[in-house]
Structures are given as C-alpha cells and as structure tokens.
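As structure tokens, the structure follows; a few thoughts come after it.
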C-alpha cells in the first residue's frame, strides 16, 4: 500500500547540542531539504545548514538610498520649483536645513525595508504550516529542539529516514502530515 | 507687617529715591531700581508661587463672551474635515443704487466730532454706507489731518450694542409721538407763565445753530433758563480770563513761532482744544532733520508725568499748589507781578532766573501756557506774562469765547440747584451729559434732579442720569445726524451724518427744535436753514455744498482781538494752604475714558494710558516715596503680575478705597485720581470698572486741594498693565538719545553702538527688492506717546478687545504698542516713548521657524502674515525679538453682535481663534494704492499710501514709504545720522527704524 | 498542537500586509480627487435663483455687454450685481407682465432687494479685485467661462488656490488686449504666449514673485 | 508539564540567577501574561492610570472647546508646559532604544532581560510626547498641514522650520521603534501562541506571531535584521533629541541659541530615560518576583549609566553658564542671570540639586545596590529633568530682548491636568502591555542560560 503524502519526518531533542549534532549528521548523510527548529537562535546551525548568506543588507541599503533621495528631492522640488518663497531672507535652496529630513527619511525607508525584507525572506506571514500538525511542536517555542527532514528531499524514504533519525538519540520521532 | 519686610522696603526705596543709575541706565519701573540684594531675596520669595503655581480660576472672570467663545469653538471645529464646502451665500443688491456709490469702494465724508463742545474736523470712511474708520480732516485747522484716540474710537461708540435704543417713560417703551404730546401739554402750561418752569441743562455748547435755537426759545419763553455743565470743562481758564481782562476770552496759541515754551501744568500736546494742531507745530520745531539744526525749548512744571512733560527739555515736578507759586515767581522775575522771590521749595527758585532769562531773550517768540486745571490766578499771570513778553498776536491769540452765552458753569449749576430746591422746575430737559454722575458731589445731583417735576434725559446711553428721569430719550451719535460746532479758534465745523440713525435716536438740535415754533423740522433743515439765513452773497447752494464737502465754513474763525489787561487783575499771592501732614488730591479727566463719557468704549478702556500703561482701571497714583511712607510700595513692584495694595482715601469726611499705583516722576505728597471710572450704569463694558473720584470732587475744589488722608488698608487689587516692569540695561541699545549740543558736535555719537552688522557680512546671497521696498521711520524726537496710533490701528485692522483679565494675562492684541522707558532718578526721570509696530525684518526670525509658511516675505519686503494658513504653533512669536506678534488665545473677535459686524473693515480679515496676527504696514492700503496706480499705468506716488498709525499721528512721528525711492520722505529720514535700527545687531535688518530723540536743555539749568 | 489557521490564511495574510501600501496610495489619490471634485468646489453646478436669469439670453442672445449690469468691474474690487432699477430699465416695457419677473417688479415696488444666490464665492480671507484684472487684460471668460452659453449661471472654475496660481505664475497664457476683455469666445490673433508676453510689457504686469506673494491676495 | 527546579538567589555580578532552565524561564515570564489572576499591584496601578487618562481626556475636551487660552501661556511666553512635557517625554523614550539598539551593538548581554519593557516604555513615552505638539496648536485640527501632501492650495510645509524637522524625526522614531519592538516580539508571541489555553488568545497571538516557527532559517535572517535595525536605530535615537534641541538652538532667543544643546539634550534624554527604566523595573521585579532575571547587576549598571549621563548634564550646565559669561553678549548674560536670580530661580536651583547633587550618591556601590535608594534617585532625576526643560523654555522666553514685553508665565489648572493626564496615559498603556505581552524578552533570556551553549564534541 502507498502511504498518503506527508510533509516530512521530525525528531525532537531536548538540548541544542544534540540538535546541532543531529543536523550535522543528517547533512553528512546527504540530506539537504531539512530544517531545524529551536526556541532561540543557535549560531552553529547556520554553518551546519549553510545559512550564512542572506540578501537583507542589500535590501536595506537600497531602501535607505531611496529614502534619502526622496527626502532631499521632495524638499528641493517644493522650495525651489513648486512655490519659491522668500522665507526670512534665506536662499530658496537652503541645503543645510534639508539635511535632517533627508536623514530621517533614509532611516525610515531603510527600517521599513528591513522589516518587510525580514518577512519576505522568512516567507512570513505563514500562520499555517505543516509543522504545526506535530502535537509536541508547541514545545519548540519553549525548551525543545526539532529537526525535520522534508519529504521533498530526494534521499527521503518513508521508512529509512525515520530510522536514521532514531539513531540520533532523539526524544521522539514523528511524521509531519501535510 | 513683619519688620524684616520693612527692611526690604527701605532698601528698595533708598535705591530708588537717590535714583542711582549707572551711566545711561534706563529702567521701566520701580522694580528695576530696587535691584538690591534684599530685593533679589524678595524676588526669590515672591515669584516661584507664580512661576509654577496655580493661576486663579479663569472661568469665573471670562464673562459674557464665554458663550461666544464656545460658539466659535464649535464653528472652528466645523472646519475640521478637509472637505467642508463653502456655505451658500446671498447677495442683496441695491434696488436703486446711489450714483456716487460704487460697491466695493469706500467713500470719505467730512464731519465733526466734539469734545467739551469744541469741534475737530474729521473724515469718516464709509463702506456701502457703514462708517468704519475716522481720519483727521487735513483741511481743518484743529486737525491738520490728525485725529486723537477719542476720535478714532468714536466710531465704536456708534455701533455700541449697549447704546440706549428706545425711548421710554418710567421704563415703559414709548414713541417720540408720546413724548412730543406730553411735552406739548407742559409747554402749553409754561407758555402762560412765560416758561418760568423750564430748565434746560446741556453740556458746553458752541454750535451757532443751537445758539440761534436757544435765542428763539428764549423769545418764546423769556423766563426759561439754560444751564451748561462740563465736568472737565475749562472753568478756570474762563475765570482766569475774566480776572485778567474783565471778560471771558478764548485763548489759543501758535507754537510754530515759539522758541521757548513754559507749560504751567499744561498738557497742551495731548489734551485740550487744539492739542492736535499744537502737537504738529511743536514737533515741527524739534525736527532736527534735512538741515534744520535748531530746536525749540520746553519747560514743564507739573505734578504727574504727562505726554507734554515727557517731551520737556526741563521738567520740574511740583504739586498743583506749588505751580501757582511757580507762576508768581516767574511773573515776578518778568516784572509783571510782585510775588515771592524765595520760598521753601528751593527747586522753583533755582529754575526761575534761567527760565526768565530764556523767555526774555525770546520775547515775542516765547510762550507761557497755563493748564486748564490750574486756578484762575495762574491763567491771569500767564496772560500777563505773555503780554509783557509781547507774545500776544504772535504766539498767543485771543478771541471771543467759543461757547454760547459763556457763563460760569458752576454758578449756573448752583443756580439750577437753588431752583430745584425751590421746586420751581416743572420741566427739566437734560441734553446729553451725565450730571447725576459727574456734578460736584456736595450738590447731590442724583437726588436734587428728582425735585424737577418732569425730567427728560437725552443721551447715547441709559446712564446714571437717565435712571432718575421719567423720560429717557435715545440720542443720535454724531455720525448719525446733522449739526455744527466751533473749533478751538472758532472755525465753524459742519457735522454731517454718514448713516441713518441705527436706533430711534434724535439729536439735541431736534429736541430743542421741539420747543420752537417749527417743532418737526429735520436736523438737516435746521442746520441748513440757519446757515442759509447767515450766508451773505449769492449762490448759497454751491457755497453750502462746498462747506459740507470741506466739513467747515471757510473763514469762520472768530476774529482775534487784544483785550487789555485791566489793572488790579493781579493782586498779591494768596496764602498757600498748609499741607499739615496731609496729602494733596488732584482730579484729572482720565487719559482714555475722559470724564467717563467713553466708559463703555472697549477700545478706549483697553488703550494703555500714556506712561502708566494701565488699562481698564484708574488708581490712586502717587510717587514711590509717598507710597513708601504709606507702607504700600513693595507690592507694587510687580504690578500686573499680582495684586497691588489698596489705600483708604479720606477727604472732607468722605472715604474711598482705591488701588495704589506708584508712579515715578510724580511729585511727592500728592495723589492723582482720574475721573470717569466707577460708573454704575455705563453698559456691559464700563459698569463697575475702577472707582469713582467724583465722590470726592466738590465745587470749590474741582481740580486739586490739600487735605487728603490716605492709609493702607486690607485687600489687594489686580491692575492690568500692558507692560510689566523690568530693568532695561542700556547696553541693549533700545532707546538712543542725547542732547542737541552733543548731536551737532558729533552727529554719529547719538546712535553709537546701535549699528547692525555690515550688509556684506553674510554667507547667504542677498535678496534683491526691485520695484517697491516698503519701509517705515519713526521719529522718537516727535512721539509724545499719546497712543492715538494704537487706536487708529485697532480701528483699521479689526483688532479685537480682549478684556481686563486677558490683558492682565499678557494677551492684549494691539499690533502697535507704545513702550515707555524711564531714565534717571525715580523722582524726576526722563521719559522716553517708543512706538513698536512690526519691524518687517528682511531677515525675519519669525518666518524661518513657521512650519507651514503662514508668514513669509512678499516681493516688496513685507513680512506677510497669512491668517488662514496659520495653525498656531506660536513659534514665530517666541522667535520675534520685538514681540510684536499677537495670538488669538480664544475667539477674541466678536462674530456674533450684529452692530459690531458692521464696524469691521471689509478689507481686513477678522481673525479667528488659534491664529497669530500682527502689523503688516496696513497692507490693505498698500494694495489699494498699488491697484489704483496700476490702473492708471503709473507707480505709487510718494505719500499716496499712509498707514493708519501714520495718518492719525498728530506729530507726524511715523513716516511710511518706498525706501527704494531716494527722494521719499522715509528714505531721507533713514539717511539721517539719528537713524538706528532696534536691536540691529541681531542682523534682523528691520525695515522699521527709529530716529534717536534729542533734548535741548538750557545750559544754565543743567549745571 | 493542532493548526490554528486554515491553509488559505497564508495567502490572505500576505495580501493584507503587502497590499496595504497600495491601499494607502489609493486613498491619498482619492482624497485629493475629492478635494478637486465638483462636489467640493461646486463648479459647473447651476445655482437656483429667485428669478431664472439667463446670461445665455441676455449676454449671448441679445449681446448686452457685461458692463451694462456689472458696472463696478472696471473700477472696483466688486463687479457689482445690478440694482433692480437696471432690470426695470427694459422690463418696465418688455415682459412687463410675465409672472417669472414678478419678484423683480415686487422688489422695485417694495424697495426690498432681490436675494440672489452667490455663484462665484471666494473665501472671506481672499481679496480678489475685479478692476485690476480687467484693466490688465484678463478676460471675463478666463474665470467665468462662456457665460453667454449659460442658461442658468454656474461657477466655471474650481476657484481653488492652485487654479489662481496658474495665471499668477504664467500671465502670458491668458492675457488679451483690453478691448477684448468682455469678448466671449475670443481667439488670439496669433500665438497666445507671444501676444501675452507682449501685453505683459505693455501693461507692466508685475513679476511672478510679486504676483505670488501671499499679501497679493491674503491680508 | 513545567519541570520545577529551585531558582537560587543570583550572586552579585550575575545577570541571571543560576538554576533557570529554558522551561522555567519561559513559564515564569509567560505566566505573568497567561495567568488568570492579576496581582493587586497591577490593578491599583492600572486604575490610577485609567483615572488620570480620563482627566487627560477632560482637559483635551476643554482645550478643544475653548482654545489654548485655558493654559497659562501668554506673550512673551508662548510655549509653556506643552513643549516642556513634549521634550521630557521624548527624552524618557530614549533609554529604550538605547538599551535595545546601542547595547545590542555593544554586545552588552545584560540588556537582554530589560530591553523589552524598556522599548515598550519608549513607545508609550513617544505616544505621550506626540500628544503635545498636536494639542499645543492654536488650530489642532489643521495639524496635517505640517506634512507634505498633495493639496489644492499648492502650499507645502516650510522645511527650514525645526518644527517640521520634529514632525519627521518623531514620526520616524515612533515608526522605527514600533517595528523594532514588534520584530523583537515575534518569537515570544509564538511562545504565547503555543502556551495559551484560551482559543481567542491563541488566535490573537497566532495572528501577531505571523506563523513564527523558530526555524534555523528564520533565526539567521532574524539576527541580521535585528542587527541592521539596531544599526539604524542608533543614529536615529541620537538624531531625535538633537532635532528636538534644534527647536531651541535655531531660534535666536537668548538662553536657547546655543550650539552645544544637541549633546546636552541627548545626554539629558538618556539620563531621564534610565531614571524611568529604574522607576519601572524596581517595583515590577519585586511584584512579579523577577529578581532572578532583573538582578541587582542590572540595577547597578543602570545606576552607572545614570551617573555617567548625569555628569555630562552637569558639565553642560556649567558650560552654559560659562559661555554666557564668556560671550560677553549682554542678552546671553542677562538670560542666565535671570535664570539664577529671576522669577524662576527656585526652579533653576531645584533642578541643579536634582540633576547634579542627587546622582553623586550613585558613586557609592551600596546605593546602587539598594533598590529603594535607586528608586528614589530615579524619581528625583525625573523631576529634575522636567524642571530643566521648564526652566530652559519658560525662563528664556519670559525675559528676552525688550524689557517692555517681559512677562511671567503662570500655569493654570489645565496645564497641570494635561501634564498629569499624559502620565495617566503612559501608565495605562504600560500596564496594559504588562498584562498582554511578555515584559521580558523570553527567547533572548534563554540565550543567557548556560544550557544554551552548544558543546562541540569532536566526531570523526
């Protein structure tokens, strides 16, 4: 008989070390499509799972530049082109006075793009996710650590993968339904 | 009070009395002088409570406008959404449009306003038939184009919602018909006894037409009696003339020819007949500009600092009594009398020789002026001296009296009282005036008048006198009816109406007419009819039209004459009353509400009184030393911020409680009480303001008397001043001044230190002002601080009245203010007045900080203020070093009262709540002139634009014009070496600049 | 732990977040449009009048010059609404019995004004002066549109500040020789801009900086 | 199934008590929110806050109905309490951002247990501050004219005005702080989502958590994001009070027109901010028994920061006086002289006492380690900093160039009502936050635990 398609198999650990080791083992075993879950950031996982690079800094930089330009040009256009008015005998293009708003706009745009970028790169918001089907996954936000090998992984095998996970001395191994 | 507090007083007072002022140190009030360590201590103890303390409940004092404010709030909030559409408005065009009238263009009519019966010609501006503004009539000798605060504010009186509107009999509304029939019955009876029961009490009358009526009436009712009573009239001048010449004469002066002037307690620059003209002539002789290097010299002796005293080159504070002694001494020196040559008041005799010499050297070009409030003998002496000096016909002129059957008004009043007591009065017609309130107290007019069987009072307001009359007749305002009156020199001035009577009013002319054979004649018919009978020569109509147009009858001035001084006019000086530990009481008409007739005029009530800057109140004004002796000095140190103490005044067995105002420059040992306050039936504005000195004023001491006892009493009183008293260090370069000699020696010396940074010294590119560049120059040497400009500004620019409490909270709205600074010892400081409008800075600090561009620069260098753009951050005011911006903390403008809506100048926005406002050089006038010029394809002519303040200024101290035109008056003034910018070192580049003030002291007295 | 949300919430959530930007942009645009709309300005909406006066008939049909009634237009800030007398000049003879004109006759009899509804109504803080515009060659048409084609009068322009500024910034685009000021349907003899610039010199039109200074219109 | 371990007293210099586990940390912090019963302290504080909030609404109603005249402001003192409160609140906000951003960049791990409520404090302080520029307008309903937006008038804000700078600075500050705070919350929201019993709460937290799963990928991006935000927030927070100080320095008013205001104001801001952090932390940790997480070490550190900034402020006061004298400018001299001797002398000397004398006790370790004393000190400093702003604003305006227009500011009942009212608003928001969201960042505290370290074992 053919088992109904699942999202993957997950193993639960009770401390970061075992998780990291398990992840490393799985990767050495050749698994690629897997994800580790922990209640706090664990730097080691980044290098184990090769998560070093992300595009966020670039996004933020672009956001910042856009903001800065918007800020300055807005002021320049309004005071010099749109309605040139003599204010207190100051020149129309009083650039020193424009610095502040330019700066603030830079920060604003950069920050907003940082947050939107974060969401985008994490694929959030995603209120529904197969992992939530795992009953004990609730503890992943408390004190438990999960490693999930996804069914999409070429090496994934309905029987072998769980067995393999069992070898990593987890607390428990369970299937993740779609 | 605790002894330690006493110590503070002493320290403070010692500091003030010896007037120790380091160098050219100006100070504004006592507090400044009291800069002793004790004083600092005092400050620390006194202030914090106020600084971060609870202020007293405002809601209780907000008064009747509260409702309106709430209304305004709701209106304002209505504008909250961006998508509010304009409410639908309607237009009601004329049915038959008068041909001279073009809707949208104001018309000006010449008419006349009177004070104490004496007329001044004015031009009234009319918008679609609503008079909105008064200007002086340049053609008129008494005005020369200037107008004083009373005239400016008179238009408000006309629209005053509290005016008596309907005719009533014992409180029931009636019609004129009813009154006329009742009058008819009485007259029928009277005719049988030739009018023996008729008494007619009026104010001073100078109207020839009315004189003619009176004559007519007296023909019909030979036994009828006419009485006149003017509380602030020229009684002693009349008596003095009679004493000197054996006949009453009218005196007037020509100051343009006077090199040396001695003012014996005379405020000729700011009050009295012809003062506008005198001020103009006087200041013309002091303008050290355009090559003129000479100045006249003014000696003033007076008890309290007046506008005239402020301008004097030598001012000697004397009690009103001592001025008589001074006059005797001077007369003796000039050999026209043999009075004392020495006395215990050393000051007097120190001065006399110098002045005497100065006068004699300028014989024929000098002038001795006796004040209206000085006793007859002083006037007699002045006449004698002027004659001796050969001034008669040169600087001083005599004519027949201006008033109709010039009589001793006091005697006449007492005569009336006698008849009243005798029950001989059947019909008492009181035409104007308010005798129940302002007659000498011992006559008890309030009760006496009720002895007349039938009493009718014709008046603008339902006042104290109306209260006790059966018939209360609404009177027309001068802008509502025809009439005429004589000016200071007798020139007949015609009064023409600009508007139909707003209410059922009739004029005194009409009422008198009711007693004649042709009772129903219209005022126009009466006046025109009379002059028709007077006019010699053909073509009366043209002559009449011209006269009405000019507002005066050409060459109708009374012929001058030279009455002979009759022997024994001047006997020997009477025994001077001994002070005997008592104080001298001095009565004066109030600078802003006069004898009380203007009590309900908000503009005048809120007009800061010259020098003291008090609004809405009168006070027991005394010298700091006197105040200290009474133990009431200390608390006045910060008047305006907290209450001033009260004194209980006791005089001739009568008692009044009054707040104390310690006034530097006032002579010790006397208390000045300004008349006109303490009204009980003035209207919503004036009732209950201040206290009533008429309660002290008796027939035999109308102006001053010794015998006042003052003692400190419980309670304190809040006085609202527009300027709080603080030290001003001369390093601030606010007032530049010096003597003529210094100036001629080194012209630059006067403004030294007040120069701004050089124009080139900036990183910014210069803004170029092609075309017009409006600017203003204010000649501090001419300004008398009379405050007419403030009133004019208020009328022109729809400036709101905020009420006493708000003034006290520092929220007065005047766009233009007159600062006064004192310099020197507190006993007799120099007084400097400085009008401060918006400076229209080229580098305006206010504009830089406005977040919404509500204020910025026009192409002509005006500092524009766009009310409808203002959101009210008030940042501009904070950043304005001159503090000339005014903020609508509440809905101050009255959008509700119908009659006041008519008053608004349609060319100026009425500012709503939460909006900043300020002087814009009357930009509406600028635009009007520019548009007219543009239409004719020319540029604006020099002098074509006159700002409201400039137009009304009696001394032409304020000059406005195009600074790009080198030939304009303003450019010429700015080119003078006396020209300096206020706080110029801030590099604000003010367009308004000042000409430093000069004094021309007599070297002999300087020593 | 069981799922809290249905699968579809994912898409929905993303749309709400990233869609927000477009929503805000749209609202801003809509708000601005509303402010300029005829609803807000009441432009082009004919007004109810006590008497259905037709400019189309009087000015258009009979070709009466604007200044016959609007007498103040060359001399005063206010163009002037004609007094009843002006109407009666003709209507005492023609249509002297027409019921629609009864209000006019009534006004003339009783002396009470006819209460017209204002069509072109500027805010109280704006000080517009007809005479200077007319004298400098700004045609009635420019602001009031083809009045000669209005059976019932409506307000042609938005009368909003940026509309005023258009001309104050570029007078050359609208100026015409004085003699054509009251002409309806005027067409420039040549290039308008060029003529305009010529007239600007001729009539000494003031600089844009001056024409756009606040105090030019606000006091 | 919480595993119950006994938590020992934290030893000095420890930023977290020994004995905590991931579980206990989570439970303790989450329980504050998830518990059914709320402590009396919370109820009391919240009630007070709510009452004062009502007072605030009343005074705002009166203000809108009548106009700013109900306040004591006048010519020449056109700014009174409103702007004073604005500056004060904004200043208080600064500590939050400083802790969450600057200390993060400086890798100060002790911040982990105090940054959350500090940031919340920032947000609410900014909210209170934001009220005043709006309310103090003469026509508040036109506030939007300060923003550039397409309009039919063709008129836009005047970008040379510091007030417009304020608008941009403060709104940016508010937005960025909010984002930063929210991002920090996401993992903890997930925790709450997973732990709460009530369906509604699960739904609500679920929405807010956006489906956070704590996957390694999330965490790696998350770390970058928070570093970047910190990097942005740091210059921002410094700029904000600099801009606020421009409101004064750009003006020419003697006593305002001075170049060293920016650093002076920023230091003052942090000073008062940390005072507020202590004033909140000390009662909270004792009420909720969080001494294990907010240890004496934290208080000690905050104390040190206060001391440092206090000294900077003191230096500024001295410098202010010196330059006034050294400038030889008559107006500057007079301004300072009036400040010291004039109507506001008492306020001036009081603020010197509060801000210079009081903090000197913080030199003593004993004081820094005695919560009660620290609490008192922080309250004193808060008062002192308010007075400082009041004196700078009001005394400078009351007596500037022309003596003829000098005038004294007298606060009215409504001045006080509005001020106290915003304190109510602050308490209201803050205690609502305490009840609804974890006041301490749970996941960041987890990283402080020894167990969080990964022991690398060599495997071949």
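Read from first to last, the chains carry the letters A, B, C and D; within each, the first residue is number 1.
In this text, a contact is a pair of C-beta atoms (placed from the backbone, for glycine too) under 8 Å apart; a residue touches a chain by one contact, two chains touch by 3 or more.
Just so you know, these numbers come straight off a predicted model, no measurement behind them.
The chain pair with the larger count of C-beta pairs in contact, out of A-C and C-D, is A-C.
Chain A and chain C, compared by their mean Cα positions, are separated by 58 Å.
Distance between chain C and chain D, defined via averaged C-alpha coordinates, is recorded as 53 Å.
Centres computed as Cα averages put chain A at a distance of 30 Å from chain D.
Per-chain Cα centroids separate chain A from chain B by 80 Å.
Under the contact definition stated at the top, the residues of chain C that touch 2 or more other chains are 1, 4-5, 10, 13, 35, 165, 209, 214. Across the assembly, chain B contributes 82, 845, 848, 850, 853, 856-859, 869 as residues in contact with two or more other chains. Contact with two or more other chains is made by residues 153-158, 160, 164, 193-194, 206-207, 210-211 of chain D.
Viewed as a network of touching protein chains, the structure reduces to a complete graph with every chain in contact with every other.
Of all the residues in chain C, the ones that touch chain A in their complex are 1-10, 13-14, 17-18, 165, 209, 212, 214. Contacts from chain A toward chain C in the complex involve residues 83-86, 116, 119, 125-128, 132-138. The residues of chain D lying in touch with chain B in their complex are 64-70, 72-79, 136-139, 141-146, 153, 155-158, 160-164, 167, 247, 250-253, 330-331, 334, 341-347, 390, 394, 397, 399-413, 416. Contacts from chain B toward chain C in the complex involve residues 82-83, 85-86, 88-97, 102-105, 770-771, 856-860, 862, 864, 866-869, 907-910, 920, 923-924, 926-927, 931, 934-935, 937. Put simply, chain D touches chain C in their complex at residues 149-155, 193-194, 202-203, 206-207, 210-211.
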